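The block underneath contains the structure these notes are about, expressed in structure tokens.
Chain lettering (A, B and C) follows the sequence in which the chains are written, and residue indices restart at 1 in each chain.
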Amino acid sequence: MLRYALERLLTAIPTLLLLITLAFFLIRLAPGGPFDAERALSPEIEQNLNQLYHLDEPLPLQYFRYLGQILRLDFGPSFQYRDWTVNQLIAQGFPVSLTIGGLALLLGLLAGVLIGMLAALRQNHWLDYLLMSLAMAGLSIPAFVLAPILVLLFAVHFGWLPAGGWEWRLQYMLLPILTLAMPLVAYVARLTRASMIEVMRTGFIRTARAKGLPLHQIVLRHAWKPALLPVVSYLGPAAAAVITGSVVIEKIFTIPGLGTYFVQGALNRDYTLVLGVVIFYGMLIILFNLLVDLLYAWMDPQIHLDSREGY
Amino acid sequence: MTAAMTPSLLQVSDLKVRFCTADGELQALRSVSFDMQPGEVLAVVGESGSGKTQLALALMGLLAENGSASGTAMFQGHDLLSCGQARLNRLRGSEMAMIFQDPESTLNPYLNIGRQMSEVLEQHRRMPHAQALQVAEEMLHQVRIGNPRECMQQYPHELSGGMQQRIVIAMGLLCQPALLIADEPTTALDVTVQADINRLMLDLRERYQTAIMLITHDLGVVAGLADRVLVLYAGQTMEYAAVRDLYRQPEHPYSRALVRAVPQLDSQHGAGLQPIPGNPPNPLQIPSGCPFRDRCEFAFTDCTATPLLRPARHGGQIACHLETLPE
Amino acid sequence: MGRLGDWRQRRQHNRRRSLWRDALGRLLRNRAALLASVLLLLILLLVTAGPLLSPWDAEIPDWDKASMPPDLSSRHWFGTDAIGRDLFVRVLEGGRVSLLVALLATLVSLVIGVSYGAVAGYFGGRLDAMMMRLVDILYAMPFLFFVILLMVIFQRNILLIFIAIGAINWLDMARIVRGQTMSLRHRGFVQAAEAIGVQPGFIISRHIVPNLLGVVVVYATLTIPQIMLMESFLSFLGLGVQEPATSLGALVSDGAQEMQTAPWTLLFPASLLALTLFCFNFIGDGLRDALDPREHL
């Protein structure tokens, strides 16, 4: 297990390096400098600014300087918000995004697994058809379509919940979390159902039945682990989906999260901010994938064999 | 054969198994009747697709979802086919157990052996976990596993096929069931291990007085193991007889073909191994009349009518229109 | 069901019923997929020919008729948007753009994914291990953020959107194709071709790729809705298709701002988007079930 963990940790390093390199050089491809928007800049000021942000140095030097900076977890100053560093902006926006995203991920997994299990155990029953049609609808209705409709219904029509804005209170979080979780619930439910049906047909489930175990024992002791393995390996992509989804959700509900800063940064060409957020989220996903790998290894005793064989 | 006066352990009559498939109804078993005495070994013999596995699954209540069974199967005062899930769960694993063909897919790869074994005792005997583990370990010892304590901690993929099948057998015997159904328990194993497993089952039967239903396509292993033989073909009983009689004097052309297909060391039949020409009929469209008639060298006009099961001269039963089987 | 399974295979072999015939039969029996196919055809027809039915132009504003509700007599069947453009024509226009982008991006992802996966799966060994390690690494990238980065850099060029999206979406396809190729590689006809010295490139293009058609079709059908979602996501953020051109995502974004006063501006584009995604998902599902008969005994 320890060897496996180290192995996964080692593969995370080139991933991280690629992420930083790709992001860094992509942004340098951009035509025009970061201060183009402010037309009234005199050449001296622009030169000073370039010096301040090391933009006058050769590209490789800038790259290694930035790499060193990242290793110290320092994302540098923001180009647009002059008095702020990117770290400060992340520190301000991320807790909000994490709360919404984390709760949405949790809700998506719990509800998705429960719905998927229920549908699988009632396969081809009307409940199965109903739940899976709903899941299909959940996959086909984008969050930015659902969100306005929910706002129209619960905020405008009934007036139960605020239409947007942010406070650290449940009623402000409810709609964002629901809309963010919905596609996740749908996907996880479909995933769980398919794998659960497959597992329930395996020889060892037949053995469990032949042992005289009642259905709930079969599910709780024998079926849940293999049935949830595909869900576990989906956790990485799911986290990524929640992060990208949160960008839209934050815009719709005007929530001051990291996604909002990111979109603002992208629209304002705030290079350091955009770069910082991309790398920060990339690191987060890599870290999360690492944890997921360990979880998977813990759940599947055969993994040690597989990892030795490679592909 | 056991005395006729003792009550049967299992009495199956008119058992039919059907499957609804996209291509129509499939009859896996078409009226099979037999009985088993306590402690008896009954061999169920037939080619692939003869319905012998479906017979076992039907008795255990493990038919696939599109399958259904009719008829009766009286076991310890309950009809296995109609007694309901709750009763069935009390019998399965406790009074009747099953060993499947492929031990690797039988064991749960995600749980260690100890947990998979102990849960049977916890479920049926309400034993505390620690005690269940102890009993399970003792049972592993009984099936001649060298290091039972270590084995309890291991996962199936760390064990060989022979070990896995021993564990499956041990698991089946934990509650000392009255009936053990073994569906080709040695087919998936190495030849060298096969004899071991067969001997093990016989020993255990002596010790625990467990009746065994041995399902096999290999009449060769039957001779040393079974008391009686039920020969199935296309879901129907062809011959039902004591094992000695079937070997000496098979009365059905199909049984005789099977007996002759067994490699003999003391080759009296000069010709030696004789395979049966042709294939079993398509179970979706079994022709009326005797299902074997297309492959039978003695087929005659009567064979277009379905032969009824009737008493045979050796004291068993056969389903054949021939009065006597020509040499 | 092992025995029955063996037997079934034998029978199918005997009758020489083709895989595709079988699959088509199963697909036709799947009523949801069939209905979705018909619906999708209608949508395709509508977005290509529909604008011809209306007298209005998609890009000319008419300030006198801003935010008009649906009205049959003036032939503004879906009403008008905030600056008086006909919504019917704009929704169909947007649908066409969204579909086109999705189809082209899927094509890009298909070409990359199939060639990458087929090469990795065919040659196997070290090369395969390296190629798949790269796929693993790429999987961990926050790709949509890269696309946003690209959009910022290249000024929201629509051609670039689909190339970028297609270029990041080939990973799943590569994995699936690789797996299939590995199993095909050990089949008789490939080994026979190898034995008589046929070049690997020729074997891949003539023997492997045609046999991958089934899975490729299924996953392409499932990729299209994914890419439509991404495109509309970007357009919704204002980072995708730019005015006066439009897409469903951009229309939904506009509609969401007007929804309290003019709900139809949200309703129509949102319904078309959801319906199209729904159809693709159902068809993809149906195709997968039809081509993968594992579940069907």
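Criterion: a residue touches a chain if its C-beta (ideal position, glycine included) is under 8 Å from a C-beta of that chain, and two chains touch if they have at least 3 such contacts.
None of these values were measured; they are calculated from a predicted model.
The chains in contact with subunit B as well as with subunit C are A. When chain centres are set by their Cα atoms, the one at the greatest distance from subunit C is B. Between A-B and A-C, more C-beta contact pairs join the chains of A-C. Centroid to centroid, with C-alpha atoms defining each point, subunit A and subunit B lie 53 Å apart. Separating the CA-averaged centres of subunit A and subunit C is a span of 22 Å. Contact residues on subunit A toward subunit B in their complex (touch as defined above): 123, 202-204, 206-214, 217, 221-222, 225-226, 299-302, 305.
Only residues 60-62, 65, 88-94, 97-98, 100, 102, 105-112, 115, 119-120, 123-124, 155, 157, 168, 171 of subunit B touch subunit A when the two sit together in their complex. The part of subunit A that touches subunit C in the complex is made up of residues 11-12, 14-15, 18-19, 22-23, 26-27, 29-31, 136-137, 139-142, 144-145, 147-149, 152, 156, 197, 236-237, 240, 243-244, 247-248, 251-252, 262-263, 266-267, 269, 274, 277-278, 281-282, 285-286, 289, 310-311. Those residues of subunit C whose C-beta lies close enough to touch subunit A in the complex are 128-129, 132-133, 136-137, 139-142, 144-146, 148-153, 225, 229, 232-233, 236-239, 249, 252-253, 255-256, 259-260, 263, 266, 270, 273-275, 277-278, 281-282, 285, 295.
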